[in-house]
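Across the two complexes that follow, chain A remains constant while its partner is chain B and subsequently chain C.
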Partner chain A sequence: MTMTALQPEVHHAVKDGLQLEVTDVTRQTESIVSITFADPSGAPLPSYVPGSHLVVQCGTGANAYSLTGSGTAPSEYTISVLQVADGAGGSLAMHRLAAGDLVYVSRPRSAFAPAATARHFLLVAAGIGITPVLSHARACAEWGIAADLIYVHRPGAGAHVTEAKELLGSAVTECSDRVSFQKTLAEKLTTQPLGTHLYVCGPVAFMDAVLDQAREHGWPSARLHSEAFGAAELDAGEPFTVNLARSGVKLNVPAGVSLLETLEQAGKAIPNMCRKGICGECSLSVLRGKPQHRDLYLSDQEKAENTTMMCCVSRSLDEELELDL
Partner chain B sequence: MNTTIINDQNTGDTAVLPERIKGFPFPFSSDSYRYSANVEPAHKIVQTDVGSWGSSLIDVDEYYLSDLKEREKVLEKDPSRTAVLPHMRPAVWDAITTLLPAMAEDHPDTMSYHREGNVCRWTNTLQNLELEFTVGDDDSLPMGPMRFLGSQITDDIVFLDPREDTLWLDAGLVTFAADWSFGFDVGMKFMEVHTPVPRVTTEPVINRAHQFLLRLQPGEQFRRTNWTMTVDRRLDTSTESYPEWARDRGTIANDPDLPNRLHLRVEVQHMLCLPHTGAVLFLVRTYLLPLSDIAQVPVWRERAGHVLAELPDDMAEYKGIIRYRKAASDWLLAGE
Partner chain C sequence: MRIASLPQPAGTGCESGFRGVVCVSFDSADDTADHDAGGRPRHDLRFTSANPESLSELRSALLRSSVGIRLVLTGSPVDIHAAAAVAAECGLAEEEVTLVSDESGLRVVFCAHCRTRTETVEPIGSEVECQGCATDLEIANHFSRRQAAYLGFAANAEEAA
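What follows is the complex of A and B.
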């Protein structure tokens, strides 16, 4: 067992998240491993919406991975990671994790939720795209909702095939070549019961092709869902500088830290309530520079005037902003 | 605690004020009121001039048992106050398994919750209640999941299902509505529900709230307050019971007992994104405090008086207070 010290720098994407211990690493295929995390004290973990992802910090980077469980009152989180030889290196570091290692992870985030009104699911996955769809399949089994799964993978390289078949039985169709996939997809798209929702996850080109074909067969877009990591969260943003005109102070706002947090750390008391860009309390007057507006509070016209900004979420398009503070 | 000692309002001695005043979520921070997205994180303690409120998600106070009894009466008379569209069953279970542990954590002396797999044990000594149920098995709770949840918390309960880029009011249990009808709104979209709000098209508040709720992430919990006024300590001022309470609004202005009968009605509204279904849970806890109690806090007396006097007519009309707000503000501003 190797004990790796927690990385001293917490990545912004896992801030306010959890510190978990690797409890199991299982090889799924030649290039895919499943990694299981649990709370070191054995405490239950937050439930999650099927199809959710977890951001895991590994080294200095952080990557999002789909959770493969149903999300019901979990005591552990399991993800599966594909080793990408020419990737940014995140997957290599993940593949080096071993039982006992401690990592920072975000709270589960939902961006591929099952529609509550769906009466049937058509799940379509390619390669590592099986992971969020497996989560959906588990939730379907728990609530007694039927689902079909089309799973495209290279011969012998399918991960989680046994589990998928245990959950869905003969409703799983494996395809390992383009021709058989096209045939299966066309057949499934035209034989689904009323009220079916389609969920697809895989490479972008694959998802686009599946969605295009579904639309051609007359599927309404409200019934089509594809995985898009991080759609619901604001990115860290670029670092910038603020010049506080009245105080004569300059502050650096690093990526991943909000202007409001920076001002608070510098001892400035800024009225604020929601810290999510909706309530309008933390409004600041901008004297110079173009804010990058990311709030829900200001109208389009007010945003265009660039004289006011909500410092809890908004940042700067220019390198420096001058504020009336 | 339920003390009724009236303190000398000039001494400002808050030690003898009753809990209902010390824990009251007085909603006005200035002498005028307009709609705003006054949203803040749940659990944040708010200090008022005489006390504080807001530490718990589910408040259990001196009215807990009597309010629940009142709810039972309303439901018995009118079952249309609750509905669960079939696809919302998992969301109701999600709310139960989210709120009960939160209550146990906030009130460990009277409540406890244990979950093992899908089997849960819930103890609520305030109700002499001890039961075991299975998540997902509707028959494992005596009155079914929705009615059971409504028997444990005094908040009105509304579930919003996020789909097709909007929120659908698809389940709930609402017995203490402030002049609206849950039964009428079931199945509607968020913006349809809010159509009667004045200035809804000119002020961006409602649309902003809609966007905010749509972007909530599972596990996030926020809250806001809203307010109106009610004659007598009447919780059920729904559209359904309109014939019982509407007439009072026309007579209260000339009633010598106005300070004791007229109540400031404050709603503490919690907005949660449920962790397992992603449904938005909207909880409304209603607090009623008579003007005679408000007047025990000189700052509140004056501020409430100014707010009522200044409130634009369209807003006073929508809140249903236009016929007596002047009488109320006159009494409050008459001072000592």
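What follows is the complex of A and C.
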């Protein structure tokens, strides 16, 4: 263990968090590793709600990863990380972690919690989307609640398959092609007992397709829960102007440059993390004008109120926006 | 849960996609008869009141159903609220249930002191004697969907005895 593994600067997203030691790195598949963290003194870690995630600082950046445990009185936190070749480099740095390294992590955050009134769970995962879903599966097994899991992955590239089967047995259906997945999903969506809640995690387009199909089969939105880990590519957008009310500054945001980047270039320190409209860190208060909401964080109602925007991806429908900044 | 005072046309409370409707009426001749299920399967249950037998029949009908159905309850507030409590217990979400109340009839008051349920025609804000502990209960504006009853508590409790 070397102290040089520590970053001198603590990322704001992991401030007031924990400093943990990597205790295990296990390869799940060719491109996925599981990383386990524990308190260096062996102290118990804060419990968390199933489906929670952890923000891990790696290098100067910080990324959110789903915790795969059930969250009950944990002595360690485990995450699984998919190596993304064309990403911002966070996953590559994570894959270089080794036992003994010290990292700063946030406390667990919950954004995909199980409904307390659920009597049954229909879990749907694609690829690395298995991670929060595995957390739910573990909690279901611990609490004796029945759950079905549909897991879509490429042949031989499914992480955590053995664990999922140990937890849920024959209620796990693996699919490796579109046709068998569509057939399984349609069958499951029409045969779930009343009181079932659906939890889906995977690429945005995959989740949208699953949620649309559920709605077509009469599932109200109260039963539908999703967690995004990848945002769709966004277009460059139209240029617009922002008026920073408190600073008395006007800035032009050109097409292809985000509002967040523009503010950073002007010397404004805006808290941010994912820069993809998912995490909700870079929220700004809008005083005047209509934002063009392109994030996955705000609810439809919050978007309609037009008082808050995520400056990493959202732009403006009006020529000028006035911000409380 | 939406509350409609009169039966409404075409698919009350059923946004697109629902796969069937369970229509339950309590002692109200044919209130759900014109409830249009939009060509989807429709299952009718008719009861005289929300008693343990009828609620148990409703419970087993719901437990045989799958996600995708909607429930329409028609009758007096006492009956449909008791049935709505069973529906919630079976896992139905509020947006899957439509209440069509005839706005007449009794209400149930739940005694905060002895937990006895007293039926009354008295309006909210007035007083009723608890059938369990004989306390004069003020009928509060607070309605419990789980208990299907209004809260009743000792009237004038804050005054010195």
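Assume the second predicted complex is superposed on the first by the 223 of 325 C-alpha atoms of A that agree within 3 Å, B and C clash if a C-alpha of one lies under 4 Å from a C-alpha of the other, contacts with A are read in each partner's own complex, and residues count from 1 in each chain.
Criterion: a contact is a pair of C-beta atoms (placed from the backbone, for glycine too) under 8 Å apart; a residue touches a chain by one contact, two chains touch by 3 or more.
Owing to the predicted nature of the structure, the values given are computational and were not obtained by experimental measurement.
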item: Partner chain(s) touched by A:S91 [first = chain B, second = chain C, both, neither]; value: neither
item: Which superposed partner A:I278 touches (first chain B, second chain C, both, neither); value: first
item: Which superposed partner A:H217 touches (first chain B, second chain C, both, neither); value: second
item: Chain C versus chain B, contacts on chain A by residue; value: B
item: Chain B versus chain C as contact partner of A:L194, first or second or both or neither; value: second
item: Partner chain(s) touched by A:T117 [first = chain B, second = chain C, both, neither]; value: both
item: Contacts of A:V49 with chain B and chain C, given as first, second, both or neither; value: first
item: Common interface positions of chain A, toward chain B and toward chain C; value: 117, 222
item: Of chain A, residues touching chain B in the complex; value: 44, 46-49, 52, 71-73, 107-110, 113, 115-117, 142-143, 222, 232-233, 273-276, 278-280, 296-297, 299
item: Chain A partner contacts - residues on chain C that touch it in the complex; value: 15, 17-19, 62-63, 65-70, 88, 90-96
item: Interfacial residue positions of chain A with respect to chain C in the complex; value: 117-120, 189-196, 215-223
item: Of chain B, residues touching chain A in the complex; value: 36-41, 87-88, 90-91, 94, 97, 115, 117-118, 135-136, 161-164, 170, 204, 208-209, 211-212, 215, 217-219, 222, 275-279
